[in-house]
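Next up: the structures, one after another.
Here chain A shows up in two complexes: once beside chain B, once beside chain C.
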Partner chain A sequence: MRSFTGRWTPYLYIAPIVIIAGGLLYYSIGFAVYASMTDWNGLTKMDFIGLDNYVRMFQDRTFYIALRNTVIFMVFTVLLQAILGLLVAVIAKERLPGSNIFKAIFFLPIAMAPAIIATVFKYMFEANYGSLNETLRALGLLGANDNIQWLGADLGIWSIVVIGIFSWMGFSMMVYFAGLMSIPDELYEAAELDGAGWWRRLFSITIPSLRGTTSVLITLGIVGSLKTFDIVWLTTMGGPGVSTNLLSTFLYQERQGREAGYSSAIGIVILVTAFVLALVQMRLSNREK
Partner chain B sequence: MRKKRLAATVIMYTVLGFLAVLWLYPIGVAIVKSFAVGGWGNYASVLNHDQFNYWAAIGNSFLLAGGTTIVIVVISCLAAYAFSRMKFFGQKFFYRALLICLAIPVASVVTPLFSTINGLGLRDTYIGVIIPLVAFNVVVMLMLMKSHFDGIPQELVEAATIDGTSAFGIFWRIFLPLSGPAIATISVLSFVYSWNEYLLPNLLISSPEMYPVTQAVSLLQFERMSQEQIGQLYAGLVLMTIPSVLVYLFSQRYLQSGITAGAVK
Partner chain C sequence: MFEPRRRTVRRTLTVGAIALSAALVVTGCSGGGDDGVAEDGTVTLTYNTWIPSAEQWAPIIEAFEAENPDITIDFQGADGASNYLGELDNLILAGEVPDMYGIQVGSAFDDYSEYALDTADYASDWIDGIKPELLESTTNSDGVVAALPILTAGSEFYLYNETLFDELGLSLPTDYASLLDVSEKAAAAGYTPFAMGAADAWHASDFFVWLSNQYGDGGDIYEAAAGDLAWDSENLIAAAEAWQGLFTDGVFQQGATSTTTYPSARDDYFMARKSLAMPTGSWHVSATLAGNSETPGSAVENDVLGMAPFPTIGDNEASSTTGVDYALALSSELSGAKLEAAAKFAEFLAVGEGQQIWVNTMQGFPAASGISAEIGSDNTETALESVAAVTEALQNAEYPRKLTSPNEGLESDLGIVLQNIANGADPASELATLNQ
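Up next, the complex of A and B:
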C-alpha cells in the first residue's frame, strides 16, 4: 500500500481542505477565544480584560432571555418536526396513491432559502394586515378589529418555532422514510400474525427500529438550532426589545454595537454548548447500542 | 377487515391533507399576495425597480453558489481519496479535526471571521464570501465522498498499481469516472446550501449591487410599506424562489439521496 504513494503525497491531497476549512475555522475559534478576553471594539482598541466579558454575560438579562429562547426553539422545533416527520413518513410508507405529491410538498421548504421563507412569514404574521390574522377574521375566529401579535413579545418565539418546524419537517420525513425502508417486512408480518394492531406495531417495531435515525436527527437538530440565525433576524431582529433573541442574534446585535470582545465571548458560549450537547447526545446514543 | 382498511385510508388522507394545507398556506399567501393591488404589474415593477435588480441578485447568487460548488467538489474529492485509500501519519487526527468543524455554528465565529476576511483585503468581494462558504460546507461533502470512495473495490486499485499507474492516475482514471452520481449529489447540496446562505454574505458584503438573493430581499422592504409595495415584495420573493424550485425539480433525486445519506452516515 505504502509503495504506491510517496511519503508526502497524501498531505498534498488533503492540504487544500485542511488549509481552507481547518485553517480558517480553527484560527477563527482561537481568535474568538482570545478576543473574548479583551475589550475589543472591532477596530483597534483591544486590551486584555480577563474573564470580564463572561462575568458581564452571566449578569446580562438579555443573555438569559436569548438562552431561554434558544432552549425553547431547540426543544420544541426538534421534537415537533421529528414527530410530524415520522408521522408523514409512516403514512407515506403505506404507498397511498398521491403520497409522492405530499412528500414533495413537505420537502419543498428544504430547497427554499430560509431568508425567503422568513420574509414570507414575517408579512404573514404581521398583526394588522398580515394574511394569518386576515384569514382568522374571515373564518370568524378573530373579531373584525382584533389583532393577534404573532411576532410580539409573548408569542414571538413560538411563531419562530413554527417557522423552524415548517422549514425542517421535510428533512426529518425524508430521513425517517429512508430508515423505514430498511426495516424488514418480516417483522411486521410476524407482529400481524400475533394480532398486534397498528399502534402496537408503531410503538414496538417502528419506533424502536428507528432509534438510530432519531438520535442522528436530534444531534443535527441541536446543532441546527444553535446555527439558526436568519429566520429570527429577518422576522423580528430579536425584537420587540430583546424578547425574541436567540443566542446567535444576541451576539450579532452586540457585534453591530461595536462590542466585538463581548460578542466573541457569546460566540464561545454558543460553540462550547454545541460541542458539549453534540458529544453528550452521541455518547448517550452509543451507550444504548 | 376491508371496512377497517377504508377507515384507516380516510384517516391517513385526512392527516396528510391537513398538514399539506398548513404547508401550502404560506406559499399560497405569497403567490396570491404577489398579485394583490397591481396584478401582473407587481412583477413588472419588481423587474424594473430602482433599488432592486432581480437579474443582478440571481447572477450574484449563481456566482457565489457556483464558485463555492466548484471549489468544494475539487478539494473534497482530493481529500476524500487520500483519507480513503492512503495511509499516512496523522490521518485520523486530521479527519477527526475536520469532522469537529461540522458542529461550528457560523454565528459563533462571525466576529473573528469578519476581521480575518477584512485583514486579507477580501471584504466586499465574492472570493471573500466563497472562502468561508467552502470552509463551513466542505466537511459534510468530504464525509459523503469518502464513504463513496470506501465502497470502490480495492482490487481495481491493486490491478492499476501493478500496471504502474500513479496515485493520481488511479484517482483520475478509476475513482472519478466511478463517482458521477456521488459528485452530482455533493454538487447539488453545495449549490443549494450556498445559495440559501444569508449570514455570511450579510456579514461580508456591503455593496447592494453585489447582494445575492438572500440579502436582496431587504432591498424590497421599507419602514412603512404600502399595500402596493407589499405586493411587489411578494412578487420579488416568488421570482427569487424560481431558481431554487428549478434546481429542486431537476435534481430532486440527488438532493434527497444526498440529504438522507448525510444524515445516515
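Up next, the complex of A and C:
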C-alpha cells in the first residue's frame, strides 16, 4: 500500500509549473473573461455589464475592419510564406554553389528583432522621402511630385503583409528544409527511373511527404497572425484612422482609450478564434492522415 | 540495495518542490517591503513621469539635492505620455503607486486623482503661489484639488526654419491665402511645407480644438465633448472641412496621417531640413533657443529657427488654446517623513527654484505667479521674438487645449475621425460617429 506522501509526490513535482501556469496564464484568462463583462476603465470603475461589450463589438465598424485585416494578413502571410518557404527550401536542397549563403540570407530576418524590421520598412515605405518611392522616381516610374502611400489607408495592410512575409519566410524555409532532409532519396531515384520530371517529383513526392510540416506551419501561422502586433504598431499604429488595425492593435488602441473592459472582450474573441482555427486545422490534418 | 538512496533522492526532490512552490506563492503575494526611509533618516522618493526629460531633470535634481541632501529622488522617466500612462496604470494596479507622479488634466484626471493626496494636506501654506485659475483643472469631481499645476502649454503654433524661408524668399504666412502661397512655393522648390504629425490622435485633436474655435461663436467643441451638442453640428462640420482642406490644398504633406509628430515630423522632416515648418505646441519653442538639446547634430543645426502662432484658417481670428500641461500628484499613501520630503519637492517644483529652472528650458510656461522664463542673451533675435510671441498668444488664450468628456477615450476617437476626414471621408458623417 502506498503511503500518503507517496500518493501525493507526483502532484508535488508538477506543483511549481501548475502554480506558474495557473497563476500567470489561466488566472489571467479567467480575469480577462470577467473583465470583458465589465465596464472597466483600467483603473477604478469596474461594474458588471453582462455581454454589453460583445454586443457593442459586433456593432463596431472598427471591429470588422480589424477582423477583415486580420483575415487578409493571416491568409496571405500563411499561404505565401509556405509557398515561398517551400520553394526556397527545395532550391536550397539542390546543393547548388552558394546554397548555404542563399539559406543564410533568407534566414537572416528571423534573427532580427521585429522592431528593427518594422522600422527599416517604415522608412522604406515613407510616402515623401522613403527609399522605395525615391527609387521609383529615379527609375522614372513615379513623377517627381507624385508619391505612393505605401502605409496609407488603401495599401497599408498589404505593405504589412509584405513585412510579415519578409519576417517569417525564413522560418518556413528552415522548417521545410529540415522536412526535406527526412525524405528518403530512394523515393526520388525511383521516380526518376519511372520518368518523373522535377515538377512531378515536387507534387507527387515532396509536397505529400511534407504534409505534416505544412500542417504545423499553418497552425503556427494562424496563431502567429492573431498575435501580430509589433510590425503594425511600429509602422502605422493601426492607422491612418483604423484602416490597418489588426485585432491585436484594435485591442491595444481601445486599452489606450481607457476601455479596458472592451479591450478584454476583444482579447477573448482573439483567444477563441485562435483556439477554434487551430482545432479546425488539426482536425483537417488528422483526417487527411 | 539502492532503495534507501532512491527514497532519499525522492524525499529531497519532494521537499525541493514544496519549497519552490511555497517560494512562488510567497513571492507572488508579498510586496516590495522598502518604505524608503533609511535608518539614518534619509528619505528616498519614487517619481514617475514622462517629463522633465533627462536633460531637464539633471539641473532640477542637482539644485534640489543641494538644498535637501537627506532626500533622494528615484526618477523614473518614460518615453512619451501614452507609454507613461500605461506604466502608471500597471504600477497602480500592482499596488505600487509612485510616491510622486506626473499627471495630465482632462477626462482621465479623476481616475488618477483617486490615488493622489489632497493638496490641502501638504500645500496649503504655499499653494496661493500658483495661478488660481489653473487649480480648477486639477480639481476632481469631488471638489478636491488633487494635483499641483506645474507647467502650462497651448496650441497651435508652428516651428519654422527662418534660414530656409529666407533662402526661398518666402515670408511667414499671416492668413490662409498666404499659407497656401507659401505651401505652393515650398513644394515647387522640393520642400514639404508644413510637416504635420496627424498620425497622433493627440495632435490631430489639439489642432482641431484650436481650429474649431474659429467658427461660429467659438467653443462648440467643448459642448460636443460634454454631450450637450451634436458633433455633426454646423460649425464643427465647417471646421472639419477646413481641416480636410489643409491636406487637399497641400499645406500638410501627403501621407501626413501616417506621420507622427515625434519623432517623424520633427526628425525626418523638420530637423532633416526637408520641411519649412512643423505644426506643434508651445512647448517646442525650446528648439529655437541656444543650447537646446534637439538641433545639435541635425541638418538644421546652423539654421535660425523660430516659432509663431499658426495663422487663422477659419471665419474668426485664431486664438491659442491653453491649459495645464503638467501637474504633479503625491501618493495618497504617503505619510510621516516621506510625506514631509515629498511636500518639499512639490513646493520646490511648483513655486520654487525647480519651477524657475524648468521654465527656463521652455518646456512649458510657469504655473506659478511671478515667475517668468529667464532667456539668455546668447539667443538669436528670432528666438527671443518667438518666445515673446508664444507667451503673448498664451496670455491671450481664450479656450482650453484639452477636452473634458464622459468619454475617457474621446481624444483617441476624435483623432481617428480626423484622420479619416483628412483621407477624404465625409466630414459630417465621420463627426456623427462621435455622437454615440
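Convention: the second predicted complex is superposed on the first by the 275 of 289 C-alpha atoms of A that agree within 3 Å, B and C clash if a C-alpha of one lies under 4 Å from a C-alpha of the other, contacts with A are read in each partner's own complex, and residues count from 1 in each chain.
Throughout what follows, a residue touches a chain if its C-beta (ideal position, glycine included) is under 8 Å from a C-beta of that chain, and two chains touch if they have at least 3 such contacts.
Keep in mind that what you see is a predicted model, and the values were worked out from it rather than measured.
**Student:** Give one word, clash or fit, describing how chain B and chain C relate on chain A after superposing.
**Tutor:** Once both complexes are aligned on chain A, chain B and chain C clash.
**Student:** Once the shared chain is lined up, is A:Tyr129 touching chain B (first), chain C (second), both, or neither of them?
**Tutor:** Both: A:Tyr129 reaches chain B and chain C.
**Student:** With both complexes overlaid on chain A, does A:Met174 touch chain B (first), chain C (second), both or neither?
**Tutor:** first
**Student:** Contact-wise, after the overlay, does A:Ala115 reach chain B, chain C, both or neither (first, second, both, neither)?
**Tutor:** First partner only.
**Student:** Tell me which partner A:Leu220 touches in the superposition: chain B (first), chain C (second), both or neither.
**Tutor:** First partner only, chain B.
**Student:** More chain A residues touched by chain B or by chain C?
**Tutor:** Residues of chain A touched, chain B against chain C: more for B.
**Student:** Which partner chains sit in contact with A:Tyr13 here, chain B, chain C, both or neither? Use first/second/both/neither.
**Tutor:** The answer is both, since A:Tyr13 touches chain B and chain C.
**Student:** Can you pull the chain A residues that chain B and chain C both touch?
**Tutor:** In the superposed arrangement, which is not itself an observed complex, chain A uses residues 5, 9, 13, 16, 20, 42, 123, 129 for both chain B and chain C.
**Student:** Quick one: in the complex, what on chain A touches chain B?
**Tutor:** Listed in rising order, the residues are 1-5, 7, 9-11, 13-14, 16-18, 20-22, 24-29, 31-32, 35, 42, 84, 87-88, 91, 94, 96, 99, 102, 104-117, 119-121, 123-124, 129, 131, 135, 166, 169, 171, 174-175, 177-179, 198, 213, 216-217, 220, 223, 226-227, 229-230, 233-234, 247-248, 251-252, 255, 260, 263-264, 267-268, 270-271, 274-275, 278.
**Student:** Which residues, counting only chain A, touch chain C once they are in their complex?
**Tutor:** So the residues of chain A in touch with chain C come to 5, 9, 12-13, 15-16, 19-20, 23, 41-45, 62, 123, 126-129, 145, 147, 149, 151-153, 156, 236-237, 239-243, 253-254, 256-259.
**Student:** Under the stated contact criterion, what part of chain C meets chain A in this complex?
**Tutor:** Where chain C meets chain A, its residues are 10, 13-14, 17-18, 20-21, 24-25, 28, 82, 85-86, 89, 92-93, 107-108, 111-112, 114, 187, 192, 198-199, 253-255, 257-258, 260, 268-269, 272, 274, 408-409, 412-413, 416-417, 419-420, 422-423, 425.
**Student:** Sort out for me which residues of chain B touch chain A in the complex.
**Tutor:** Chain B residues touching chain A: 8-9, 12-13, 15-16, 19-20, 23-27, 29-30, 33, 71, 74-76, 78-79, 81-83, 86-88, 91, 94, 97-98, 100-116, 131-132, 134-136, 138-139, 142, 157, 161, 167, 170, 192, 195-196, 198-199, 202, 213-215, 217, 221, 227, 230, 233-234, 237, 240-241, 244-245, 247-248, 252, 255-256, 259-260, 263-264.
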